[in-house]
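Would you mind keeping the following structure in view while I ask a few things?
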Amino acid sequence: MAVVFLSITPLGTGTPSVSRYVAGVERILRGTSLKHQLTAMGTIIEGDLDEILAVVRRMHEHPFSEGAVRVSTFLKIDDRRDKEHTIAGKLRSVEEKLR
Amino acid sequence: MAVVFLSITPLGTGTPSVSRYVAGVERILRGTSLKHQLTAMGTIIEGDLDEILAVVRRMHEHPFSEGAVRVSTFLKIDDRRDKEHTIAGKLRSVEEKLR
Amino acid sequence: MAVVFLSITPLGTGTPSVSRYVAGVERILRGTSLKHQLTAMGTIIEGDLDEILAVVRRMHEHPFSEGAVRVSTFLKIDDRRDKEHTIAGKLRSVEEKLR
Amino acid sequence: MAVVFLSITPLGTGTPSVSRYVAGVERILRGTSLKHQLTAMGTIIEGDLDEILAVVRRMHEHPFSEGAVRVSTFLKIDDRRDKEHTIAGKLRSVEEKLR
């Protein structure tokens, strides 16, 4: 199981607001069964890495279908195989140590 | 006002678990008045960019004080000056378009 | 054509030196026909995005086959479709403006 | 000594070409004594981390002075303190293992 952080941004769209594109990209993710969390700086996704990468590929394509000609996509993969690895588990692990 | 995504990871610590270090780093942030949100992949911070960078510098130093000899820090700054720019505002802007 | 920046790092390996893993990952890339450039902070790859992502997937797997149990992979994709987009072209474009 | 990877991109500039901004940002770096290498995906800088961060702060500001209202800056810091840590040394270390 991998947990990834994903941010997809169109460049040169003529306006500094990109939330329209972000929403379009997010909608694709919501059409899947992958567990995810939208944040102010990107989306966190948990699941099988191959499934995640297949969806990321479709998400990256979306701004082009909305007229963008350049898209900057940032992906950080945290893949751990010696124990269960989930969004909730990672957070819990840090929060326990903060008590 | 800037919104940043920050992730600080020690390398070569002998164990794949880094939540102890993440908690130490997070504690420094909690000692400031900066608005922030801990996520499973990093911390999102909002505020004056110079204030944020000063705290990030101290946070980056922390794993060394806990024995790490190599630290990998990843920082993504989203700095927007034509309108109010906050963690809550950015999220709201996307969520409105998802309705 | 996309240009990507890729960095693959094992966590918790017991030593802060990761060049052995980086070399193993790089060797996979050299076995392909994709144009690329090794830098001190990661590898830059140019080509068809689907081809690149297929190789990145294999590269990400490599440290696990060498004993790592956690791998952190960072990928930044710059995908531009209104003009030719290559490593050499991007560099040239900036350097012309620096003269 | 730290080695960092830096990429600074204005959003919403009306054109997908950002090399003009990249050149302006690079010119600031060239006005310093910091060792650096321009690549197709960002700039690699080596030196004292505090010096680097002070220059990065000025570089991040530059696109605003050229009319941008939103700037996305990505910074990856690799800070290692158990041995000499330089752009050339990191590359050499991987290349030796590739022979």
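Annotations for the structure displayed:
The chains carry the letters A, B, C and D, assigned in the order they are written, with residues numbered from 1 in each.
The rule is short, and it goes like this: contacts are C-beta pairs under 8 Å (C-beta built on N, C-alpha and C of every residue); 3 or more make two chains touch, one makes a residue touch a chain.
This one's a predicted model, so the numbers in the text were calculated from it and none came from an experiment.
A rotation of 180° superposes the C-alpha trace of chain B on that of chain D, rounded to the nearest 5. When chain centres are defined as mean Cα coordinates, B lies farthest from chain C.
Put simply, the C-alpha centre of chain A and that of chain C have 19 angstrom between them. Per-chain CA centroids place chain A at a distance of 25 Å from chain D.
Inter-chain centre distance (chain A to chain B, centres taken as mean C-alpha positions): 17 Å.
Counting only residues that touch two or more partner chains, chain C has 16-17, 69-70, 72, 74, 76, 78, 80, 82. Residues of chain D that touch chain A in their complex: 9, 11-18, 69-70, 72, 74. The touching residues of chain B, counted against chain D in their complex, run 49-50, 53, 57, 60, 64, 69-82.
For chain B in complex with chain A, the residues that touch the partner chain are 3-5, 7, 16-17, 19-20, 22-23, 26-27, 30, 37-42, 44, 46, 74, 76, 78, 80, 82, 86-88, 90-91, 93-98.
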